[in-house]
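Notes follow the structure.
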Amino acid sequence: MHKIPIGVLGASGYAGRELCLLAERHPGMDLVFATAYGQRGQSVRVGGRDMTFLATEDARLEDAELVFSALPHGTSGEWVMRAQSAGSMVVDLSADFRSGNGDPSQTSSIPYGLTELMRDRVRTARVVANPGCYPTAILLALAPLITGGLIEPGSAVTIAAASGVTGAGHSPRPDLLFAEVSEDFRAYAVNNDHRHLAEMNAVVKDLGGDADLIFTPHLLPVARGILATIVVRLRQPLNDPLSVWSSAYAAEPFIEVASATPSIRDVVRRNVVRISATVAANVRQPTLIVTAAIDNLMKGAAGQAVQNANVMLGLDETMGLPA
Amino acid sequence: MHKIPIGVLGASGYAGRELCLLAERHPGMDLVFATAYGQRGQSVRVGGRDMTFLATEDARLEDAELVFSALPHGTSGEWVMRAQSAGSMVVDLSADFRSGNGDPSQTSSIPYGLTELMRDRVRTARVVANPGCYPTAILLALAPLITGGLIEPGSAVTIAAASGVTGAGHSPRPDLLFAEVSEDFRAYAVNNDHRHLAEMNAVVKDLGGDADLIFTPHLLPVARGILATIVVRLRQPLNDPLSVWSSAYAAEPFIEVASATPSIRDVVRRNVVRISATVAANVRQPTLIVTAAIDNLMKGAAGQAVQNANVMLGLDETMGLPA
Amino acid sequence: MHKIPIGVLGASGYAGRELCLLAERHPGMDLVFATAYGQRGQSVRVGGRDMTFLATEDARLEDAELVFSALPHGTSGEWVMRAQSAGSMVVDLSADFRSGNGDPSQTSSIPYGLTELMRDRVRTARVVANPGCYPTAILLALAPLITGGLIEPGSAVTIAAASGVTGAGHSPRPDLLFAEVSEDFRAYAVNNDHRHLAEMNAVVKDLGGDADLIFTPHLLPVARGILATIVVRLRQPLNDPLSVWSSAYAAEPFIEVASATPSIRDVVRRNVVRISATVAANVRQPTLIVTAAIDNLMKGAAGQAVQNANVMLGLDETMGLPA
Amino acid sequence: MHKIPIGVLGASGYAGRELCLLAERHPGMDLVFATAYGQRGQSVRVGGRDMTFLATEDARLEDAELVFSALPHGTSGEWVMRAQSAGSMVVDLSADFRSGNGDPSQTSSIPYGLTELMRDRVRTARVVANPGCYPTAILLALAPLITGGLIEPGSAVTIAAASGVTGAGHSPRPDLLFAEVSEDFRAYAVNNDHRHLAEMNAVVKDLGGDADLIFTPHLLPVARGILATIVVRLRQPLNDPLSVWSSAYAAEPFIEVASATPSIRDVVRRNVVRISATVAANVRQPTLIVTAAIDNLMKGAAGQAVQNANVMLGLDETMGLPA
């Protein structure tokens, strides 16, 4: 089989490493370069092969038919433009062109790559903005409720989400040391202004939703995985809540609808979101409690990026992805 | 100093062990017996001393001026009655006599020992029902909002809480093995019917509250600690949210009001609740995000039990308790 | 491709579950039954498929061309005999027929399935005794030193090894609860009489070795993985210690010789042993420090069992195994 | 009671923080300053009190009767000299003046503060070099064997030790991030040249020992604690190995001799070493397996430093220390 040449920018972080591993094992991809500023020149084992990281400046972007950028927010955008000029398609894992971020006139032309909701736009795009990890789990859980008009208009949707520490990246911050994270749990960005909120609000609005998201992320003492617990006030009672997702996502290979509450362990190292929902007892207003789990590095980053790349390249959407 | 003779029923669980340790180190208490059905006859090291666990049947209840019962729910009630008949005061850590549990005609005569809210009733009681771990954190956080009339009437109060595994007790359940809990995180009782909800609803009603609690507990891969993240819709905007708690609890030795979001690490092995609050940005209705952290075995169980015992026995309320 | 029908006895433990997963994903195997006493009748998800566990008594052993037994020590032996009578080949993961265990007259006819050392005997065997997890790591590390005559005769070989908790099995023992294992580390069987010692001593003797093994296992707060640190006194100095293993194992697909000390993370979820060695400085006698890492559930149990089955069935030895 | 003014240099690392906490709670000490280069000017909560860290240059050394230095190796030595010139006593937690480090003519005049072995020299010293964490556990375990002449002369003593990550300090190294350490275990310094080896060899020689130490440290996925497993060849068989330590250390408040193998959990947050020993079965030469556990931040650093300070200051040796 012909293998499509692929490059990875920003390969030394957690998402970048996962991208290299997925690209290396992908039957339709040939990883031709990987860049990492801080580790340039270093030889790194990726799957069964030794690679030498380049400085990003030294990568021959034109050699790659498609480039993944896992460069930091703020830096990535420029390299996306350069890769596009060099003739490459790009999946950008940074926030630079995501809905709700940056310059709307620019981001509106770049599809927000929540693949299941944007497949048609992704198929013909040259650049795709890969969603953030929290938004991937939360928006895939909320979308059928929004498009089905099931949420009480004007109500608050309360989201408590928790992420493993790889979500905070690979930078050596003192607060991410083992001895600080182990046996601890804490909320952050508790005033409802996490960067991912703007991203989620923009998509909710695009989908026609009218709800106030109240989003509190937490840091978990685990390496990888996200669990979101979402409380939604319904317009009217629902008898069979799971059918909302099982019908909306019937044909989706990477969405699992489960009667049992998903846990992080169910999804780790897999490119899936796993969703469950239950009607709340003991309340006066009809209320749904929805839980959604993903692996932040897979469906929440590198896996979804490869899923988007598969669609952009005309490959089978599931190729090379662990489900 | 005269030491008051104390007994512990059900000493082999996590709360029971913590009770023995606190009683052993307490300058005003003398631990005269400890019982444990499964480990009766075994010698156990408690603090600096070796104790032999008795069968509960073999304890001379009358030897103790005050008995702590950490027996299982359903079993404890009977032993509380026996200890009372033998002339002992009792702090019952089970749910058997807590608000919202069991027979209301009976439980109404037994104060619910959330010490800070019920000190006057605890002072004269012969039996006190020690609160559950989640309710301790959540009700101490909610109480000033309820009594201050700050919550929008009829609104939902959404609570996502997470507990370390000692909250599930010391029984060897396969799902609590290290290899199952490590690197995982999951919600449970997601349909809003956890046993502690009835307890919280009863107290909220007693305090004059009118809100629907939606409570989703989660299991954390940590040994001890609870963090509750509570979203409250306010009747009207609040400028200085922290002042709600700092004024209500100004004189309380075991309540900390903090501008930084509390984490489990801040409170572990201490008999405190640590509370913070922030006004939510990016929403149309005035909304508060409150976080509260406790150690589930200290302020959430054994520590609060000793706090109640101190009040009942006329000792200094802080005696023998790590703050 | 023709798929060979396979059965798993004792599928509910950690090794049994891993066996089911490997068999389910194996391109040359068809998992036709799995048994689990305690969970008989339960439907369990294995890879992408739902299976119902049978009682071991209800399995039609004759339907499987090869049976893996992950039944407990003491119980397994009888089922190995039954499966053999029913015409099945067997890989027995219990200790019942391992070297150094049970009746020597019986075990001597059953090859000890350390595949790399016993491939020729495994190829023609109807029953293979799959090695224990510690012996797999330690014997593969020691074998080239023994067969090369490099160890000082009569000296002691000191082995400190540490295993993740899945090595202790899936039984709900109180001492394996998360809250007991987390943040702890301890040695066990410290008087040099662990069951695996007899197994190792028997193989060392078979290989012609003359050394006293002193083996101290430890329990690690991780789910899976074993690291063994082995100190060996040499007959004479060695200039290039790694060449001992890189030449002995040059053609082996599942043995990695590394200049950097291996860590558990290097081998988890892979059917490999990773070995390194360094000459000790600051000592008078020539001394080697050897480290070896495996995943106790893969190369230390289910993976090696499949490796043996591949050899017995005439399949490619690496088929279906993650390297 | 008169409180002695105390200063802490290098208060932001793990040992420095623990020192501040111990000094703050110590009934005979008054913590008058704490310095931290990187965090100078920051307000930090220490026990029940807020402190502002100074730059080390800005500390008035003469205000402290005794100074603890937890500055980095290489830097500390100069500040020890300055503090001494300013008239302060010093306990130096760095390696700069420890036995086996630095200039022997200088270090020989500064007692090596393994309190139980050097109490008389510590009592009259103005400067004490506080031992490293591994040496504390290992030397207290070995000393009675050496001074009793029980070890086979010229033999190797094999030591596998494992430490929690706080032993590696508070610097934000990528390899100490939670996501790297969790679920991993590895050896380091495997060629027998760890800095602590020279320290141990020097003390072994001072005690009259003639043995080659082979020391392999490992990194544990726990926050704190050290376990050392030591294999010793004996001159002749020992019937009652525990009596070696129980008689040598009969009067020691901080040494526990136990028949059960100690685990990290037994000693965490306590200023003790806990030692056990067993005769090895299945070997030809009489061999002892000794295990010793300490908390690397307490008996292995800050706790022992306070113990030394108590002796230097003429206070009760146990004052302010959790046993």
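Order of writing sets the labels: A, B, C and D. Residues in every chain begin at 1.
Note that in this section a contact is a pair of C-beta atoms (placed from the backbone, for glycine too) under 8 Å apart; a residue touches a chain by one contact, two chains touch by 3 or more.
Since this is a predicted model, take the numbers as computed values, not measurements.
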- line: The larger set of C-beta contacts, choosing between B-D and B-C, lies at B-C
Task: Tell me, please, which chain's centre (mean of its C-alpha atoms) is farthest from the centre of subunit A?
output: D
Intercentroid distance (Cα basis), subunit C paired with subunit B, Å: 46
Task: With chain centres taken as the means of their Cα atoms, state the distance from subunit C to subunit D in Å.
output: 38
Subunit B-subunit D separation of Cα centroids, rounded to whole Å: 38
- line: Expected list for subunit A, residues touching two or more other chains, is 180, 182-183, 221-224
Field: subunit D - residues contacting subunit C, complex
entry: 154, 156, 158, 160, 162, 180, 182-188, 190-193, 197, 201, 212-214, 216, 218, 220-225, 227, 229, 231, 233, 261-265, 268, 276, 278-285, 287, 289, 291
- prompt: Which subunit C residues qualify as touching subunit B in the complex?
  reply: 14, 164-166, 170, 172-174, 176-183, 221-224
Residue numbers on subunit D that touch subunit B, as the complex places them: 48, 182-183, 323
